[in-house]
């Protein structure tokens, strides 16, 4: 591909210590992100989906350098973010924005929406001072809020409205990359549609790039160019949207796609129900992380960590981390429900 | 002291001496048959803490008050401030500079040691020992040496004839401590211990009371010396309890926790008087409260200015207004009970008109601005306020500044002041003590002459009066000095105050002498 | 946490060193020569000099500091310049008295202050709130000695219920503790109130209510723990400052404690005693503040102290 | 209908009295919920869904107030119940899952402590039993290593885990009525499926009734028996679930269904409803949806339609279905065309 | 009215509303403050006190320091002497009026000075944590352990005794108190998501500290400050015996109050009125502080 890599995440690891005992010694680690690599091209949308708790938000936070990752590099525009000084990083932040998963917690309760938005502009100095309020109103309206609501405080909004304030804030500084952590999850479908259209429009106009973390696969399908599937701190499959939805390779991806509820009360479809205990990032399973619940698991899966691979029958750029892709495709292996 | 407990209390009556008379004339070795009726346990609420149990340790009233009961001096002062025998039965002036003292025989210290000439010499040598650096060493300033003549005779050789010697020997600073504790204290010093560290914890004397305990900042407890050489005391124990807050001392009295509350402020007299079961004991003192000028500074270098100010101050108003009438106006530096006081001397009368004239003569018809310093003593501050207003009437603009005691002592000793208020207590009841340190030019600064007066005539009179052994001649000299000091006016002699104590009705025969020392030995509780 | 505690205790060393330097230099900077004070108002110059010599005041300043430090390190603080008694012997009994006094007073303040503060917060702007505030302000604007003397007048003199002075017995404890604790109670009450008001509007309080908890549990368990950080800080500060600042209460009730000792001895320029006392207070402050920091961690695990 | 009605809300009105205006967040909501059934509340963000839910449990905060209406739970009017009564109901008979798990969990207690508390208050379970039950509950909602997780603080969990903790807490006492305010927004579809399964199961076993507030139409379709569509503080359409999806009547419902992004087909542009939600303090006099409605006439702007039955299983608040309709009589409100 | 109209209208409204952000927020704040009854009462009280302090002295009949008259000393309140006379026979009312300003000044400036420094130090300590925190907090421990009198004594010898210096001395011991309170709250606040959000936006530390942490920890600061006014006044008068602070015969209220204790039972009015004066000052600051707190709290009640 001739596209420019805007962001490149290499071997990212993030371990959180678990303290225990009276003196609070570190007794264990939560391996929230465990060796994740991917890249995002300029102007595209990469969605990250995966089980709750698999490390999506943590990856996002690491990219934003809100936490200090345990290991790995994050290259943005060819520059390793993790090696920047605090001040250099501050200047970079104009280009990378985030919409937080918990909109309410991420808004200063003592600032009105107007203040929240104008301050964002002020920090990165993107709009002349006397225009900021006007621009803030504009932003609010683009995300479907009312101009009159601009002088309200976060607690006076509904959940979805708060989320839209968060979106407006991210858009306010005109970034290059936005990490959208469940950015539209609290929105009703109509507003969601509006916002998604908006994001797409902005992407077209300003060549914006999105890292889109979401659960709603409908949304993911609509917005993304490529999709990465994470499971327990690792990327298990990454592919072009179409290829992923239509030709999923990894057993987890397949299970995920089958679990999507359809907005049709009469047509309740078959789901692949995953068996077994959900493993935890505190004591992740050996080998393939998914083997404890995988209908195809063999002893090999228990021992070796599979690499992301691209095989002949898969489209270019479609990679999955499973030892048995070939056999599953060929039907040699039957799921063992 | 008004009783707030700050160390300024020391400032009031900073010297003392004394002695209870003890009816000691008739000796009596009755060994106070231990059957003597129980006189009860007396509790005295005192405004500030005892500092030292060693007679050489410090120079403050609370310590003296305790020491006076544990230790005894060679001579004593009776209620008329006359010198009477103490541990020395009699004495003679061998020549102008040589004195022999014959000790009472058979006097035993509380630890059983015997009082001998050797012990007395040991004590006096220690008093002037530089290592000890006693703040009371000045009492022996004129002493050349002390000799043991025989077991019960001590000889004191003077550097020059020194009339106040007998009075000084009545001062508790020259009281006699047991040889054992002196030796032990020296022994500990050898090993790096501090001066008086041992004595403070083990005071042993010959007095009517025996040391029981001392809790610094808290209380001192003494008990009756059953083996006292004279007539034993009546009280079983005496407790000196530190209660620094005046109102609390009164509360102690009201709740019967204490029997005596020392240092009642003039404003609280009526409160005590109006409470049933207690009364105020007021007693004249040998102390003077004064406002001193810095005569080395303009405009106070001009006697006219000093006189003018002295005449502009209305002492009566101060005594009535601030002290509620407790005390008498001062004419000169000496209080009436002091040897050498001359009642015929007439002071500068209150006369603001004349004061203005004098100021004009001195070239200050428009007045001037100055400051008056005081330490944190309620009455002194109030006096300063009164003086400020009185002086404003002759056009002098006074600013009042309060200083903390340490700074006050140092800065007045350095002569940094314009005017300041302080008191002086002639604790030996001898005019020498009452005038020499205050006015002799050799005593500039910390020794006492904080007005920095240098007047040759005064110097020579004071020197002469010291050496003069004839009492009448001495008196004559001191009269002269008093008259001159009124003229020179190095300070405004404000008044001689009264001691005010609250005493419970049940306490009998308790007294306080002119030096501020409690008379406990004959006291008892009904 | 263990490491944290050890590290904090090690920090005592620089703190104490800092304290010694500061005390030492401030004592020397203060006007007033200790020898003068010992010698009294009329002190011949040679007496003053002898005393200076005896106290070592003529040594070079660094030598003096060195000697002092040596005393500190050997935990023998030397003898008081005022009473000539060993400093440690004088200090400890007084320290314990004041320590007890401070502990009881702090308990009193916490108890009263927390309850009043909570009531105030829960019923914001009610009659109860306003009256608590007025009482608190009354307690604050009344100097300690006033309160103490008034209590003494009523309870000891007029009613005769409690002894006026002293320390030790249960009856003797009551009045001084009330006197000393009132100001702290007022501060804690106001602090609790405002801190609670910040917390009671949070969503998790709503959650607690939704669980069907009684209002008491909601307030005391959910709101209070979140509101407690400034309160705990204040309590720590209060306790520490009581230890050093009980002078007025001690004077009023004739309690022979460290607060009075410190003030008296500063004024008497009794360097060894002052230095020792300040060191003791510094140690207590560091320990109390360590406890406060640890309690932060207990109150809110998210607080990162390292 | 022979079903037992467990919750009957009549004309509920809740307002916020802000500095200068009264924000009518809920403005006349009525619906009935039969025992053991699930009602889905969908609608525009900000249309008053959460406030309705909070009103039921009387958890509104200042300056919010219920200004009118009745909330009949079993036979009690909750708007008039005493504090004590309502407290016994909360967490026990009616539980609620809050929309924003991060701020709704107490940051200073472990999730275990928070779960145990409910158990203790309503079931008197001690610490040990409580922990045991707590671990079971966490396991139930699919949180791995529940024994470890139960000792962690909310900020140490992922968004989805927090949400599941909220769910576990709500389910702890087997409530008769569960109010779930967007319970699965932060959950991936597999977990979501699992949670919905659990709710379903409880419903079967204990005859639990559920109010499901969500905007995931998929969830609605899969779990709900009835659906109330809210717009601007009012219910604009109320019907059983099939009818809503097959024959939506209200233009807003139709618009909503049309905006759903599909996971099975690609579309370039989603089709949102045009225009913006009117601000609550500046509501149109007539139909609240009028400014955005493609069919609006003057009548729509002037007068508020009532919620009328248009068929056996359908109530709509729209002039189109009334006698007074003055627009195109042939108007056809088109339902979505779903391929699958 | 149709959709377009509605739109037009709202754009108009928009235009009207555009205003400089600072002016807006100041206006808003003022509006809220005005809405808050207690803030209003407190504010008016403070203003009234200031006016009395400035203007009052011109209207008193007596002289606050020079009218000593021992014939009328210790008289109770009467028509002639509203608050009675003190032990120098001075008119207590006059003295209280004259002393108000000094007392107010000491309380206010000592609090502001110490508060500003303490808040700064505490917030920096809490925000940066680690070594910075250790160093600052241990310094504060040293300061805390320090007897105020010693500090004051040294200060006199360094700076001299004056009214300003008592303010400095008192504010120095305010520093560690403020610092610790602020630090504690900062620690609890700095990990919240919205602070992360600001970091993600690229906000500088200074901005995060002052615009985001500070407003959110304002409550304890306000409380501490409004309470410290009392401590400042009382400690200032407690230092006057060192020569630091108001010197006799200054009518500073704290000084009158503490000197009045000897007349507590015979002439309680001497201390009563200055005491009430101090209490009113405190009341004013605390009521205002409460109001301020509420006005700044977006979730405030009426």
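For clarity, chains are labelled A, B, C, D and E in written order, and residue numbers in each chain start from 1.
As a convention for this text, a residue touches a chain if its C-beta (ideal position, glycine included) is under 8 Å from a C-beta of that chain, and two chains touch if they have at least 3 such contacts.
Quick caveat, the model's predicted, so the values are computed rather than measured.
If you take chain B and chain E together, the chains in touch with both are C.
Hopping across touching chains, the smallest step count from chain A to chain D is 1. Inter-chain contacts peak for the pair A-D, counting C-beta pairs in contact.
Summarising the inter-chain layout, the chain whose CA centre lies farthest from the centre of chain D is B.
For the pair chain D and chain E, the distance between C-alpha centroids works out to 49 Å. Chain geometry summary: the mean Cα position of chain B and that of chain D are 91 Å apart. Chain B and chain C have Cα centroids lying 38 Å from one another. One inter-chain figure worth recording: chain A and chain B are separated by 89 Å, centre to centre, where each centre is the mean of the chain's CA atoms.
In chain E, 153, 156-157, 191, 193, 261, 264-265, 297, 299, 301 are the positions where the chain touches two or more neighbouring chains simultaneously.
In chain A, the residues that touch at least two other chains are 102, 104-105, 146, 148, 155. Touching of two or more other chains is recorded for residues 61-62, 100, 102-103, 155, 278 of chain D. Residues of chain E touching chain C in their complex: 38, 129-130, 134, 137-139, 141-142, 144-151, 153-154, 156-158, 176-177, 180-181, 183-185, 187-188, 191, 219-220, 222-224, 226-227, 230-231, 233-234, 237-238, 254, 257-258, 261, 264-265, 271, 275, 278-279, 281-283, 286-287, 290, 293-294, 297, 299, 301.
Here chain E touches chain B in the complex through residues 65-66, 68, 70, 73, 87-89, 153, 156-157, 161, 240-243, 247-249, 259, 261-266, going by the rule given at the top. For chain B in complex with chain C, the residues that touch the partner chain are 4-7, 10-11, 14-15, 45, 49, 51-52, 54, 57-60, 130-135, 137-138, 141, 193-197, 200-201, 215-218, 241-245, 247-248, 251-252, 254-255, 257, 404-411, 413, 422, 424, 437, 443, 445-448. Put simply, chain E touches chain A in their complex at residues 10, 13-14, 17-21, 24-25, 28, 192-194, 196-204, 207, 211-212, 215-216, 296-299.
By the touch criterion given at the top, residues 16, 18, 20, 28, 30, 49-53, 55-58, 101-105, 141, 144-146, 148-149, 152, 156-161, 164, 181-182, 185-194, 196-197, 200, 215-223, 241-242, 245, 255-257, 259-268, 271, 273-274, 277-283 of chain A touch chain D in their complex.
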